[in-house]
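In structure tokens below, several structures.
Two complexes come next, and they have one chain in common, chain A, joined by chain B in the first and chain C in the second.
Here is the complex of A and B:
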């Protein structure tokens, strides 16, 4: 009886301390998700009363000229580029940090500092860097004889590498670097010693030992990075290109924002949010399924 | 008893969590000093309570204190969100496109009774284009604070160095293009001085289209874009790609080649007069050159009162002061924009004289003669998206026929959906 009372007491305290998370989840995540599903079936200009329209928003989304397909294409391109860039650059930096060199703390600090900068501030900085006439990047290129430098953010091809470069300095990449850095320290030293005895070089060790050992972490970072890229695209692209040039980078999160808060088309925007929610979920599931054959959990 | 205490502690913990997640709604009301009423006022300029027009109001109305809600970016988006969330300020400076929406949805109140009882606000004194905006609502829901249009700014020193005559009020597009070619300086393949900057403000595009002969927006608030748009796109394309005297459009307006001394001309709103007051070279303003027509798109904003405000009487006293002769004079000096009231505008308080320019204050007259409210009456995102298609023509990403035959109808369809 005493144990049961003690258990109830502990449970109450546990729920008490967990309640901030529950409240936060319900108010800021769970509630809005449910509201989005409901609002996606309405026509609502924010100020008036929502009007039930059934699936009309979803029909409009997939009709010709809606822009949704273009936004979906832009989102997928950005996701592939940003995840690839973030994974490779963060792993590269983590490997560098794994070397036993002097001033490692300083290097770790320097690599991570850009990641704690607000992404919007960083985007504005890169807007100046990429400026065609007055940007430091094109100035640098002109100094090595490249005078026909690209209009980085206003060219449908070069805008994507530009966004890729910005991705290297985002929080997502910095976070991945720390996770990879921790994972690399967990690789059993005896495996490397065995490689050394076999005469393997650095790259052979990396491909055949390091990568398999940290493959669960790579999967984790790919999944989290993918999910993040669907959402974080907004904070980079909105200040940097605002969806341009010619809607080339008008990703779904930006389309959602424009429809909801700039065009006051909340029903349609909610439908976009629902589809984005389903896409993110589906991509994560597919990634886990595919990874079963390539991830080493031993 | 102990169990009750445990339950109480749990309830306290849960309530604390709920309190943490609660948000401040930012409502106005009466301050600790019960004699002082606090009202909140939103505007897009970055100002604080030390602004002369606020200080003058406080001096004349010690029982009311104005708190500024500054929203420098995405103003319309933020204000609409605040209105929906019930946190909008007492006095909302509303965009032309928002004011009728707010009125139709009951978010702002009619000012007819206030105006009828006021000795300070004379609604018959508004310039004609501004007065015409009253037809947008059934009754008076907003009072225009000031108005603005667009100019051609030019660097006198560059013109003189190149031996090119200064622009005049009678300039045409061809005159501007010829001058831009003479003023562009190249070092091999690199342009070191541009004849004219790219268009980095949507309003300039719509002024250009109006000069091309289009109405831009008809009396039913539908897009009216055709040959004027074609002429505008062809002209700007010539400047950018054929003559290469204007740079390609860039993302954002972070860099101003004109103020940096890298371009001889730029087309901007008249509010840049204040921003350019400390330029280190001699400069001046003229009306935008005409083509099929002389035209500038006009801008304004409306003082409105939030229908949810508990301090509507105090809010009106603030608006009444700002629309008085003293208030309009202070606002004109502060914003470098002419008063919408003709009697005040005629006194020229908007003339913010810089060290090296401008001198041609008569250029402001063409706002009254040739200005119309056009694209600002439509959803800003739709018109901005259309501008990104205009830019796409200059970047070689699309063609003029596609813009006119596909993108303009798409934009109109989006506007129809919003109405």
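Here is the complex of A and C:
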């Protein structure tokens, strides 16, 4: 009897502590998710009352030639490029930072500091660097004999490699680098010693020892990076290309922003939000599955 | 022979490290270098690494004749408000998840973990409507008030840290007659200082850099934080597509210095916070 009363009291204390989150969840996350589903069935320009239109928004979204299908394509390309670039560049830098040399602190600072820079400032830098006529990149290319240099940010093909280069300087890459750095220190020294006894070179060691040892971490970073890319796409692409050229980089978050806050198609934009939410949800389920085996939440 | 090989390896390693470091620092250097040019100097071809006559007047122009200081004040308001809000609320919410047994604990924790991944963009429209109904649009409130209701990611970081403090301390305090709130505020919080610093620093950097929410919630120029201010505040009057690049670059330089120093001095805390996304130590 006493124990049960104690248990109830303990539960009440716990719910009391949780109450700020509970309110926040209902008002700012859970409620809005449900509201998005409802709004996605309406037509509404913020004035007057929303008009119920059923699934019409979804039908027009998936009709041929719609901006939405183009956005799905852009999101897919951006996610693949940004995750691949972040994985390779962060692993490369983490390997360099694992060298047994001096001044590693300075190098770590240089490698990581772009990650905490405002994406807006980095966008300004890259607009100048990638500029077709006055940019330093094309000047550098012309010095090594490449005169037919691309118009990086204004070309529907070259804008993707440009975004790939920019990805190297983002938070996502920095975060992966720190995680890889920690993982590389965990690779058992004996395995490397065994390799040296067999006369393996640096690359053989890397392929046959390092990669297998850190493969769960690579997988983890791929999934975390995918979720990150949905969050960071807007802050990187909006100041750099604003979805251009010719809507080539108009990823889902930009499409949602344009529909909702430039054209005030709130119903249609909500339908985009619902699809975005479902995509992230699917990725999140994969992440949970993987996390169970790889990471330790306790 | 072996010594020679080692020396070559060392030189190769340093060469690689220096090369990559220069590459990574280049955009930052380029912002700084262009902030010291005239507008025509920026479009000069071929581009030079260093400006011929450094134009420090760009900085004076930005500080005295633009809204830079107003933008800075707004960003600082966002940082202070959010840091206070999230440190208070997220630590309180994390406490029972780490140190108490109660009905539904696993369910609530799973729910918090899953909301961690919901992108802000996906819930922005209903939030916009709520804040419009409250009459909070075109103010900083939509970006500050939510922080007092706990951010899932910060709850997660607090929980991870609270788990490392021995639970026997709580039990001893219970026997001494402390209630749960006293245990949290008098015992756990003082022991958890490092995680408070970590989250404070991460939250400050995040709000220093945040672009999306101010773009949605703020229209007036004098309410813009640094990010939207720098993006929209240096257009040539009447000509939307012409940008005063030299001033924008001076502004960008001022914007990259604080996070750089914050990282320099709080590196340990930042690294710890970013790494503790749940990787096995």
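The rule is short, and it goes like this: the second predicted complex is superposed on the first by the 252 of 298 C-alpha atoms of A that agree within 3 Å, B and C clash if a C-alpha of one lies under 4 Å from a C-alpha of the other, contacts with A are read in each partner's own complex, and residues count from 1 in each chain.
Everything below uses one rule, namely that a contact is a pair of C-beta atoms (placed from the backbone, for glycine too) under 8 Å apart; a residue touches a chain by one contact, two chains touch by 3 or more.
The structure displayed is predicted, hence computed values, not measured ones.
J.: I'd like to know which partner A:128 touches here: chain B for first, chain C for second, both or neither.
T.: Both: A:128 reaches chain B and chain C.
J.: Contact-wise, after the overlay, does A:33 reach chain B, chain C, both or neither (first, second, both, neither)?
T.: After superposition on chain A, A:33 lies in contact with chain C alone.
J.: Where does A:55 make contact in the superposed view: on chain B (first), on chain C (second), on both, or on neither?
T.: neither
J.: So, A:231: does it touch chain B (first), chain C (second), both, or neither?
T.: Touch partner of A:231: chain C, not chain B.
J.: With the two structures laid over each other on chain A, which partner does A:93 touch: chain B (first), chain C (second), both, or neither?
T.: Second partner only.
J.: Using the touch criterion from the header, give the chain among chain B and chain C with more contacted residues in chain A.
T.: C
J.: With both complexes overlaid on chain A, does A:244 touch chain B (first), chain C (second), both or neither?
T.: The first partner, chain B, only.
J.: Under the stated touch criterion, which partner chain does A:276 make contact with: chain B (first), chain C (second), both, or neither?
T.: It touches chain C, and chain B stays clear.
J.: Per the contact definition in the header, classify A:261: touching chain B only (first), chain C only (second), both, or neither.
T.: Both partners.
J.: Have a look at where A:182 lands relative to chain B and chain C in the superposition and call it first, second, both or neither.
T.: second
J.: In the superposed view, which residues of chain A touch chain B and also chain C?
T.: 13, 15, 17, 20, 23-24, 27-28, 46, 124, 128, 133-134, 239, 261
J.: Would you tell me which residues of chain A are touching chain B in their complex?
T.: The contact residues of chain A facing chain B are 5, 9, 12-13, 15-17, 19-20, 22-24, 27-28, 45-48, 65, 124, 127-128, 130-134, 142, 147-148, 151, 153-156, 239-248, 258, 261-265.
J.: Give every residue of chain B touching chain A within the complex, in rising order.
T.: Where chain B meets chain A, its residues are 3, 6-7, 9-10, 13-14, 17-18, 20-21, 74, 76-77, 80-81, 83-84, 101-102, 105, 107, 188-191, 194, 247-252, 254-255, 257, 260, 262, 379-382, 385, 388-389, 391-392, 395, 397-398, 406, 410, 413-414, 417-418.
J.: So in the complex, the part of chain A that touches chain C is made up of which residues?
T.: Residue list for chain A touching chain C: 10-11, 13-15, 17-18, 20-21, 23-25, 27-33, 35-36, 39, 46, 92-93, 96, 99, 101, 106-107, 109-114, 116-122, 124-126, 128-129, 133-136, 139, 168-169, 174-175, 178-179, 182-183, 217, 220, 224, 227, 230-231, 234-235, 238-239, 252-253, 256-257, 260-261, 266, 269-270, 273, 276-277, 280, 283-284, 287-288, 291, 294-298.
J.: Please output the residues of chain C touching chain A within their complex, sorted ascending.
T.: So the residues of chain C in touch with chain A come to 10, 13-14, 16-17, 20-21, 24-25, 27-28, 30-31, 34, 42-47, 89, 92-93, 95-97, 100-103, 105, 108, 111-115, 117-130, 132, 146, 148-150, 152, 155, 163, 179-181, 184, 205, 208-212, 215-216, 226-227, 230-231, 245, 248-249, 252, 255-256, 259-260, 262-264, 267, 270-271, 274-275, 277-281.
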